[in-house]
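By written order: A, B, C, D, E and F. Residues from 1 in each chain.
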């Protein structure tokens, strides 16, 4: 049994080697998955990077507002969790360097009757724009799609 | 090399078997660590459970307000990340069942000169008080101590 | 042409007479609709009232977590809009007396290909627990379902 | 009997034809009223548009900070309700196209002894900068002036 | 020249001796003033204490909703500043022991033509319910009345 | 006996003459102290001004991330208190002109065993970019360092 959030988090913190294995496993469990990286001081750029990757990798069906809406709010809330409160990066004088993961599929692999869900995870460093003056943060949101 | 947030997240999502191995590894890397579980509709109860566990396992030195202050704000912000915005559980008609992890030690094991930090992670289920009507969430905060 | 939000708001502010006409029109346009009233100092009670009404009137299919999840977040955000910021009623020493409306159907009646959406609207009085020491507020959220 | 919020909302969702009738009725009930439209990704631009319209239409007396202060906070909170939480438009990668209405007058027309109030309403579309990938939202705040 | 916020803050941090002198000075400058203390874990109790004191000392005219509304929002925002973000006391497992001050009068004593304003200040200790495990906080809001 | 928050607030509202006396007293009590002024519409500029001043005056030890982290969160929360809710200046169409004070030393001078703390205070004017259309605000945060 595997849950959508567990798989998202596992991919977020995986090393490059573990990633390959995990991506295969995740696909075999019936999930569509995409990943990417972003370094930015603008929250809109991170949201755009997630949306672009999800469309390119066909996690979303082109032209379906419902699906984009579900992904958008999952991304916004994952970023809110990452920021631990109000969303703010450059306007709070900090920068982020993150990996993001998007999964689409069942809530958990033993309950496929619960329909499709989307999970967005963000993990990486947040801090001052000085090497080493930063620490880790994580954000995750799961939404009906 | 291992980072304090990575280790916290790894422990949060570990199976019982993986946990034992990870706890040993984390201790060997120089971290104090404690864990616990909480099921509640009151945010104050989760914060209390984290504080109590951290004191009992001597993550904090008894009677040091500075250290309790650092842990308190890490816990509050980890919960904020878990809630993806405003803190609210029962007052938002939802319940949580979570595992929490507290680590104290270096920011990352290759930079011991960065002093001591505390990391609080919360992972588990949030949702309606109906079996299966819930999904995963995660929150993490790292603070200077 | 009619939009889901426009119809929700129209029902919220309708007089009893206008309501009958509007309910008929809204149903004819292909929407499932339910309404109710709540007077409370607890935000969880309002959310519960909305959920209960939506289930009783079969806006949601029984046992579908995905649909309850969509409604829950629409309700929470409609309440956030009503509160104009943080959610708080009794804990902010105020009370509310509101009408709520839930619609399920197309985003707008000329774009049925956009799939099904749920709209939650809350309208009424908020203020001190003294007759006349209160003013109107409104909240609306539209979510994919 | 008519309430300031009800009239504001009615004007917000009125068709062009209904608007004329409603504006006349609202004026006859003793309200000063102004309206406008704004399409923007910057929250400051919407607030500026509301202030400018209110001054031009003499809803506010020129040079009275107290009145501008009351309008400013009503606008900010109406926008907060529209955004359903934190204020954010372009920084959250979304755009808005809205109509706004400002009323000044009695809380309700049967209680003129309650003094003057200002009501700000915002209604329109919010969403991705793609035609059709957007949905309705509404915000309202009523303040003493 | 003296400003309403400066006088409020000065009274908040005054010793008992300084207080007498300051109260006299503040009254002579044309301000109505009241003060009080509150120790609580419920935000509603603090708001109630401020309202009650302001009515008893006739800072507000009895039965004027407009004036109560202005005071209410000043109190809520002063508490928000005191809490440095979301309002939360006992639900965040903390307790407060504070002094509060309410002033009504000119924005500053050299600009009496700016009309009447109300200022609410809150100052004191916030922290764990353990003696010494707490630190100072302050909140201030100024509103048109 | 003197507390770190009391001293910070006293310095914030001191006249130029009082300031000299207070600075001497504060230093003699064992605090490192720095002050500055900032007029801006960007929250990041105020945070930067506080950090720069604190480094230049050696409130922080150069290259210590732990100490910069403690100051950063104190500054961010002081600004949150100043803004009475969400952080926003220019994006909310307002401007600020403030004085800030940073203190480092004991929580209070009779409890030196409580270790070192940092206090950040912000006081000044916030409002429309029109002379006189602004009022006072204050923000304070105390953090373990």
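In the analysis below, a contact is a pair of C-beta atoms (placed from the backbone, for glycine too) under 8 Å apart; a residue touches a chain by one contact, two chains touch by 3 or more.
Since we're looking at a predicted model, the values are computed, not measured.
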item	value
Remotest chain, chain A as reference, centres from CA atoms	E
Of all other chains, the one whose Cα centre sits farthest from chain D	B
Candidate from C-D, E-F or A-D with the same interface as A-F, over half of contact pairs in common	A-D
CA centroid of chain A to CA centroid of chain E, Å	44
Distance from chain B to chain A - Cα centre to Cα centre, in angstrom	21
Chain D and chain F, separation of their C-alpha mean positions in angstrom	36
Residues of chain F engaged with two or more neighbouring chains	65, 69, 85-86, 91, 107, 114, 117, 132, 135
Chain E to chain C touching residues, read off their complex	42-44, 47-48, 51, 65, 68-69, 72, 76, 86-87, 91
Chain C contact footprint on chain B (complex, rising order)	86, 88, 90-94, 127-128, 132-133, 135
Partner chain F, residues of chain E touching it in the complex	3-6, 9-10, 13, 77-78, 80-82, 84-85, 107, 111, 114, 117, 123, 132, 135-142
Touching residues on chain A, where the partner in the complex is chain C	64-67, 69-70, 73, 107, 114-117, 143-145
